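Listed next: structures, encoded as structure tokens.
One chain, chain A, links the two complexes that follow: it is found with chain B in the first and with chain C in the second.
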Partner chain A sequence: MDLFVAAFGFGLVSMSVIAIAAVGFTMQFGITNMINLAYGEVMISSAYVAYYLNRAGFTIWVGMAAGALFGAVFSFLLNRILYAPFLRKGTSHLGMVIVSLAVSLMIANLLLPIVGYFPVSYQEDPGRLIRWGSIALTRDQFIIIGIAVVLMLAIHALLTYTRLGKAMRATAANPTLARNCGIPTQRVIDAVWLITGALCGLAGVVAALDSDSFAIANGATFLITVLAAAVLGGAGQPYGAMIGAVLIGMITELSAAAWSPQYKEVVAFGILVLVMVLRPQGLLAKRGALAAAG
Partner chain B sequence: MPSRFVFAVGAVLLLAACGGSTPTGNGLGTGALTVGVIAPFTGADAGLGPAYYAACLPAALSINNNGGVGGRMLSCSKFDTRGEPADAVPAANQMVASTSGLMAAIGCTSDEASTVVPIIDRAHIPMFCMTGQSEFNKTPLKYFHRLVPADVYDAYAMVGSALFGPGHAPYKRAALVFGGDIGSQAFVQPATNAFTKLGGTIAINQPIQLGAPSYRTEVQAMLASHPDVIFTEALGSAGTYLKEVKTQNNGQMIPFIGSSATIDPEWFQQVRDAISLNDLLKYYAGVDLGYTFSGAAYTEFLTNLNASASQFADAPKYKQRGSTLHLYDGIIMTALAMVATNSSDPTVYNPKIIDIANGTSGAMVVNTYKDGVAALKAGKSIRFEGAGGQNNFNQWNNSQSGYILVGYDKDGGEVTTGQLTPDQTSRIFAAGGS
Partner chain C sequence: MNTFYAVNLLVYAGVDIIACLALNLQFGVSGIVNFSFIVFQAVGAYTAAVLSMPPDTANGGFQHYIGGYQLPFPIPWLGGAIAGGLLAIPVGFVVLRKLRSDYQAIALLVLSVIANAVITNADKFLGGAAGIALVPPPLSDRIDPNTESYQYLYVGITAVCVVIALVVANRIVNSPYGRSLRAMRERELAAVAIGKNPVQLKMTIFIVGGLIAGLSGAILVGFIQVWAPSVWLYPETIILFAAIIVGGRGNNIGAILGALLVPVGFEEITRFLNNSPSIANLGPPGLIPALQWVAIGLLIIGFLWFRPDGVRPESRRVFEGAPVREDR
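Coming up: the complex of A and B.
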């Protein structure tokens, strides 16, 4: 029983990491209509930015801020330079998915000669273990949970209470109508790429910090988990992605406690497939913040 | 007229298909020669491919700097198996089908050996494989060669380190933390058999998914089983796993014993960065084949390895990687077999490799390619003792040698810490069922 309680505590950390990444990914899709398969590579690129700063003597928290900034700028430029021209030419959804897959491969292969293939670690003392019953987490893990909670609340506030958030929701619901109503949709989309890029960059550093050591190949691993959480919650739904993150994070940890850890992701993705069979639109489709009234 | 045209086109196609470096059957032929390095360069076991590539480059330099193989220059080509049988098959087919002058293949790790070895054997290409799988202990495949013992012996050596190693009382409770891949799982059963029959207890057997972002729950379960030692080979994920052991165990490491694959510069760096140099030096013990890292053969290897840095910057890091030394020797022996038989036909020079390695009666011992070629030209038979030491192939092309107990120094160099006595070795073998 103690192991399951401990696994629950670890699940809190896992779901926090996944939530930061999945909310950014799903907002990007929900508002810009772009399934960005390069998301995982932007995450890992940001993790390496933080790594090199950390190696240069900066704390990981400075690296995290730099990673978020890098992710924002990188994502913004990716859209402006690569994705937007294709979209202007009327490239289909499937075509854009292929474009983003190509971008993902290009980033990974450009990064490989710079960072190498082998795992690296941040030089960061995770702090002493804080115990609460069978749950034992480090200071850094509590900080990661805290960052996720603050960011989720901030995303909620952004979408619900700010003019930008309302403009995002309008653009997501019907971009043509939003433009006709005087909403500067291009600037809104730029803002979305900056915000979700920052979430992506931050998520990359947080995931790398949480993993203790990471390598270039982790970009693809991150993407699969993020996609799973986003799809499970309902594609394009930030609150759905949060729920998806909770489920994926918890199931992976609890199943590692219950069965052979070799199969923990198999169990998590098995449940994802089951949900998709029973509810193909995901858990929160048409009920989330970005959905059109339906 | 049309029949002449068809004949002419057919003849041209036939010549084109043959390429420019066709073995003549008599003589060493012309054109470049290639050694295919077929191994994981990406994926969870991506650390293996570079170690093997680092074997090929100095071997090519050693051969090319001494006139090549009958004037034919040697180069190395990488074929990435990703450590997955499904990816390895097309890689092996591509290597066999599209590489001109393919004289040998090296690599073929446990991850992919079962699928690629038959393909390479059917193509009649001599290969030197770094697989420890028991299915190759008595293989009928004539082109397969193995210069390292089967994994079962690596596992026995780890058990020996736990029970008879220096500086500690015999460990009684072991956690088995091996990657879920084919290669790593090969250690589990022999280690379990030998350790339990000699009085130990397996506290937990934990196959882990390599490349996972974290192992918190796995580590918690492992710690809850209260082991006093961890047996491990989890390449690529060792840093993550061991850092979590230290974190969840209140900053204290548990002694851990690694397979011979953990004697690797990338593994050292990864684990050092994760748990600190002091803890790595204090708590790690490994096993390896008994290398001297000295002598004429090793000096030649080291000189050419350092010179290979212009092609592969990390090559010099592999100066004490056992598999790098052995595969280097394998390529040199193959080249010498070609010279000895004066043939570039693998069906002719392949059987000669064993003669070169084991030596025949009255054979002259040589340590370098240059000396080997000189001796052969002087009409002598030779025995090649290379950077990895003496070879003794049995009838199934397996060369066996003994293990030593090792650790690391602060720079990542291998340090011998002990040796198992013949009595200890035979007790472990008997317990393990060998």
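Coming up: the complex of A and C.
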């Protein structure tokens, strides 16, 4: 039983990591209508940016900020240079999926000669263990949970109370109508890529920090977990992605305790298949893309 | 240019052509973005391997796999093809039934990554990460596979399979069924409106594509005699997609052209680069193979931007019985 209580604690950390990543991914999809399969590779690139800063003597928190900045700029440029021109050209959804997969392949292989195959880890003292019953988490893990909670609240506030958030929701619902109402949709979409890119970069560093070590191949595993959470919640819906992250994070950690940690991604995939068979629109589909909560 | 080199090239070309024909039926003709295509090839290869190999206690039991039936030649290949077709049924049932087409694509991509991870971790099932080796070549009990004549025989059998795949693909593309597939690809709602069942159309072509993909895997494993998770990672599917996009979506000649230009060309460039040490040792280890993958990505993006219809675009089919409205 203690094993499962401990796994519950790890589940809290896992779901925090997944939530940051999945909310970014799903907002990209919901507002810009772009399934960005390069998301996992942008995450791992940001993790490496933080790694090199960390190795140069900076703390991991500086690395986290740099990773977020890198993710934001990288995603923004990716959209400006590649995705947006293709979309303007009238490339189909499926064409865009293929383009983004090609981009993912290119990022991974441009990164590979630089970082090599071998797994690396951050030099960071995770802080003392904080115990609460059988749950034992390090200080860093608590900080990760804190970051995730703050970010989720910030996203909620952004979408609900700010002009930019409302403009984003309008753009998601109907871009043409939004433009005709005077919303500068182009700038809104730029802002979305910056914000979601920052989430993506931050998530990459946090995910790398949470695992003992990471390697170039983790880009694909990150992507799968993110896809599972986003699809489970209903793709394009931030609140759905949060729920999806909670479920996927908790279930994969509990299954790792019960079964084998080797099969975490397989469990995530199993959930994905179940969702696709039973409720392909995702848990929160009734609300429409990016509707406000409640 | 010795015999083995030529034979190697021809067999790989045959396998790639068969695979591209199958993927073209799914992606080019029907618009199904099957990102797990390589899994179907892998299933065909594994099935053909375990059907033709002795039980895993042979050879000192150094590897572990299920099956090991030592069946005579055509049966393992047929089994490989059937296994590819059978796998398409549950996958198609989950993916094709009611998902949007972009969801289908990501679901299939995830399937490809996960299937590879599962087979890699399951040591006893199909050899795990090490894979299976010493797969007996077809007919090796009657003809010594190390002779030159056997090599040519293998090319001959591969060529026969290419012809069969091409005939099947051509029949499908030119049939009323092929027309329905194209109608569905162009506008699914319109196809539904004239009474076509898109799920049924997709399911059928998914199974046919799976059968042909399985056959291509069986041919390949009989030739290289080993099979492991590292040869069917998901980027391998992207090479085939690049081939279809470069060659020209929706027509079989384009698929063949793409197969010869991209996967075969890729293979040859790799060989060329590895044979010249001054290039192969350039930069950090793994630089050249990594740059080759970057080149594949650039090829896809470049073609989708500059020439989305490929080298040989699909011919526009016009019904001759009715007056044709000129668009330009």
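Everything below uses one rule, namely that the second predicted complex is superposed on the first by the 279 of 294 C-alpha atoms of A that agree within 3 Å, B and C clash if a C-alpha of one lies under 4 Å from a C-alpha of the other, contacts with A are read in each partner's own complex, and residues count from 1 in each chain.
Here, a contact is a pair of C-beta atoms (placed from the backbone, for glycine too) under 8 Å apart; a residue touches a chain by one contact, two chains touch by 3 or more.
Values in this document were obtained by computation on a predicted structure and should not be read as measured data.
Asker: Overlaying the two complexes on chain A, which is it for chain B and chain C: clash or fit?
Answerer: Aligned through their shared chain, the two binders clash on chain A.
Asker: Just to be sure I read the superposition right, which of the two partners does A:Leu129 touch: chain B = first, chain C = second, or both, or neither?
Answerer: first
Asker: Just checking: does A:Gly95 make contact with chain B only, chain C only, both, or neither of them? Give me first, second, both or neither.
Answerer: Second partner only, chain C.
Asker: Please indicate which partner A:Met276 is in contact with in the superposed arrangement: first for chain B, second for chain C, both, or neither.
Answerer: Touch partner of A:Met276: chain C, not chain B.
Asker: Identify the partner contact of A:Glu265: answer first if only chain B is touched, second if only chain C is, both if each is, neither if none is.
Answerer: After superposing on A, A:Glu265 lies in contact with both chain B and chain C.
Asker: What is the contact status of A:Ser211 with respect to chain B (first) and chain C (second): first, second, both, or neither?
Answerer: first
Asker: Which partner does A:Tyr117 contact after superposing on A: first (chain B), second (chain C), both, neither?
Answerer: A:Tyr117 sits against chain B and chain C alike.
Asker: Looking at chain B, which part out of 27-35, 63-71, 117-125 or 189-197 clashes with chain C after superposition?
Answerer: So the stretch of chain B colliding with chain C after superposition is 117-125.
Asker: Same chain A residues contacting chain B and chain C, which ones?
Answerer: 117, 221, 262-263, 265
Asker: Considering the complex alone, what residue numbers of chain B touch chain A?
Answerer: Touch residues, chain B against chain A: 41-44, 46-47, 180, 206-209, 211-218, 220-221, 224, 236-237, 239-240, 243-244, 247-248, 250-251, 266, 269-270, 273-274.
Asker: Per the contact definition, I'd like the list of chain A residues that touch chain B in the complex.
Answerer: Chain A residues touching chain B: 2-3, 6-7, 10, 13-14, 17, 117-121, 123, 126, 128-129, 136, 138, 207, 210-215, 217-218, 221-222, 225, 253-254, 256-257, 260-265.
Asker: Which residues of chain C touch chain A in their complex?
Answerer: These residues of chain C touch chain A: 31, 33, 35, 94-95, 97-103, 105-107, 109-111, 113-114, 117-118, 121, 234-235, 238, 241-242, 245, 283-287, 290-291, 293-294, 296-298, 300-301, 304-305, 308.
Asker: Enumerate the contact residues on chain A facing chain C in the complex.
Answerer: 35, 37, 82, 85-86, 89, 91, 93-95, 97-99, 101-103, 105-106, 108-110, 112-114, 116-117, 220-221, 224, 227-228, 231, 235, 262-263, 265-266, 269, 272-273, 276-277, 280
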